[in-house]
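The two complexes that follow have chain A in common; it is paired with chain B in the first and with chain C in the second.
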Partner chain A sequence: MFNTGLTSNDLWLLAQGAGMTLLVTAIAVSLGTILGIIFGVLRYQLGPWWALPLTFVLDVFRSIPLLIQLILANAFVNMILVPTLKIGKVSGFTVACGVLAMYTAAYCSEIVRGGIEAVPANLRRASRSLGMSWGQDMWNIVMPLATRVALPSWIGLALGVMKDSALVYIVQVPELLKNTQILITRLQEPLLLLMICGLFYFLISFPIARFGGYLEKRWSND
Partner chain B sequence: MFNYSFRWNQAFASLPQMLEGAWVTIQIALLSMAIGITIAILLTVFRRSGNKLLSGVASTWVEVARNTPALFQIYMVHFGLGGFGIHLSPYLSLLIGIAFNNAGYLAENFRGALKAIPETQTRAARSLGMSQGQAFTNVVMPQMLRISFLPITNQMVWAILMTSLGAVVAMNTDLFGVTKALTDRTFRTFEYFAIAAVIFYVITKVITVSARLLAARLFRY
Partner chain C sequence: MIEIENVRKSFGPLEVLKGINLTVSKGEVLTVIGGSGSGKSTLLTCINGLEPIDSGRIKVDGTEVHAKGTNLNKLREKIGIVFQQWNAFPHLTVQENVMLAQVKVLKRSKAEAAAEAEKQLKHVGLGDKLSVYPGRLSGGQQQRMAIARALAMSPNYMLFDEVTSALDPQLVGEVLDTLRMLASEGMTMICVTHEMKFAREVSDRVAFFHKGVMAEIAPPEELFGAPKDPELQKFLAATH
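Up next, the complex of A and B:
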């Protein structure tokens, strides 16, 4: 009743794609989070006016489709930078990680800023008047409290980046959806293959999203 | 400065074509939002209905829409339904895919908004003699839509950005598709997509700014 041309090799191709999806996500999210924290703290410290250029640049990453960001970055690096600097070709993987990291950073800076703003100003004044330096105040007072506010949204962001990493096929990175596409072209069994592909995303995303929701409920202040 | 000669004139010459594409993009986004909001309200009603089957359908819809990539959803509508012998045009596939995604995210927003509306209001409406349906449509729903106005505009921006995913189902009349077709012919990838990026940026900014003005106008107390 159930016939399929799917072989173990094909499943291995899908697994490799899944691994690539996770790898790109891991690199982009960790880089992006570090950048996002730096940008977020900067934006908070500079205040709305002086941070305007930074806010604008980060806003651009949120207002342009990721697909176009990837194409533009790839074209800029490989058609313009590479001949100018006379360096070797930059792989799609590097470009994808870079763009996704900036994309993560743009959203993450917003989350970080929100987290810092959620720490009561009086608490910080108290810590400073106890003789803590700015760094000590940031590390010992603000960070633990801001993390509570920010972590649930950060989990949401990380999952969003995982789902958006499906777009890196455009710069020739063989991730899960791209490999599924390749197999669909060969086997002509779109439904089965797409089900497998969708199931993978769902199985990773769903439990973590639930966990984020749980944290949000558990850690909310009321 | 760069070892590359930009040809902006050539790209600007095709600006009218790209603006036509932008119009299609806006159309798709608006239509998908209209469909999405309608379905999201239905899903919210389903979830509150207490009927196991209906709330199961609604929860499944929301979880699948929120936990798989939008690209996958559009792909599924086009090629997955193709497996059942239902062949849709790229335009319809893209529209349905985005509407499906919108509905899932908006239903979740609506659920959050409903938490902010006291249950006593429904009871008061019911004791004034309204039916369950009347209480929902006349008392609860307007407030729900008001609370989730900003999330709705966010989703609208997402819908605009998501139209670029039509590339995967060979959509060639929206802004991304038109730009892609132009670059395939001219190999001026950077110039054309830079212009497309600016158009996308302007569209999303116009939406967010006008939404903010509209909210200030509509929701002042």
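Up next, the complex of A and C:
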């Protein structure tokens, strides 16, 4: 059954796809996390009422299926933004990273807000009454404690974004699943190829999941 | 010197402080007693500017706490406060808890802060707990750590808000002993407490709060020996 026409070139194509998946995920998750922290802190600081416009925008990113967001964003950027600003064509890769980053930021801001809310008010009162400023309290007390609460959800988010990144094929980004499909069409070996593809996904996710587990364990000591 | 002049403060429709006048001079130990909800905690949090006031004024060493230009972070360096709930930062060791604000607020070097933390922790009897996380401490030890953390800022004043109220009875003594030690060292203190015996022993003056009013203030012999205010008489009868 495994006596197929799979060449080392084909494996290389899969590896390149995996690299692309990893790259898109890494960019989207880093950027999305930074934005998510900013939005999350803002939402917490502003309170539910003043944060309403921001919350609404983020909810839009959370509730529209990613595939539709990608197609719409790509169309918007290349049909409206590029002609009006008179800039060169924006690559599918850039659009993909941008959309995935906003999608990550929308979920991440929710996680961050929840983490901040979980820090007991009396600890913050204690740090402020020691003369620490809002920023010092945020950086030295709130963020470390909120991170402990938020980490499991954040790992889940990062892994989810990695799998969802398979959808960026729609804007012509040659990621892992797309390259697998190309090979399936050519070699007619769907099972083998999907197994290899799955293995690649596993190899990418496993270290992230384990690293999260390690941190949780280390933090549970104190 | 802490000068409190005609301070009023409401939470919504509820007036919690109804014109408080009080001066605490250097080296004085003032204890505040009174029923729950009488405004004792609110007064303390107004003194260090954690809560705004509606009218009147509070001056600490001549600086008006609630004036517009007052740097509250600067002011709070001078005023240590320890609360009823335990407030250890759980992600830092006992020593790091005591070091953090020294480094961030007073800009002391790590080495200086570590040495000061060790000194203060030894002072409150926690010299053997430096590298322990607070989760491993008893309630009494957590409160003593909080006291050391405040003392490490070299404050001019210490405010204590029912620091023994959340403790198991057998742990109350060790914390009160720490407060007695501070009083004997000449620290200026305001202690809100339900421990009448303690109030009688350490105080220069005792203030009785009732429904947002300071109904009586006098040296302990007088206040406990010959209470004048009828509400105070009832309160003392109930606590004996």
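Note that the second predicted complex is superposed on the first by the 202 of 222 C-alpha atoms of A that agree within 3 Å, B and C clash if a C-alpha of one lies under 4 Å from a C-alpha of the other, contacts with A are read in each partner's own complex, and residues count from 1 in each chain.
By definition in this document, contacts are C-beta pairs under 8 Å (C-beta built on N, C-alpha and C of every residue); 3 or more make two chains touch, one makes a residue touch a chain.
All figures in this text were calculated on a predicted structure; none of them were measured in a lab.
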Touching partner for A:130 - first (chain B), second (chain C), both, neither: second
Which superposed partner A:64 touches (first chain B, second chain C, both, neither): first
Chain B or chain C, by number of chain A residues touched: B
Contacts of A:164 with chain B and chain C, given as first, second, both or neither: first
First, second, both or neither for A:213, with chain B first and chain C second: neither
Touched partner set for A:190, first chain B, second chain C, both or neither: first
Touched partner set for A:5, first chain B, second chain C, both or neither: neither
Chain B versus chain C as contact partner of A:148, first or second or both or neither: second
First, second, both or neither for A:19, with chain B first and chain C second: neither
Chain A to chain B touching residues, read off their complex: 60, 63-69, 71-72, 75-76, 79-81, 83-84, 159, 163-164, 166-167, 170, 177, 181, 184, 189-191, 194, 197-198, 201-202, 205-206, 209
Residue numbers on chain A that touch chain C, as the complex places them: 122-123, 125-133, 136, 140-141, 144-145, 148, 219, 221-222
Of all residues in chain B, those that touch chain A in their complex: 1-4, 63-64, 66-72, 75-76, 79-80, 82-84, 157, 161-165, 167, 176, 189-190, 193-194, 196-197, 200-201, 204-205
Of all residues in chain C, those that touch chain A in their complex: 48, 50, 73-74, 76-77, 79, 81, 83, 85, 87, 89-91, 93, 100-101, 104-106, 133, 135, 146, 149-150, 153
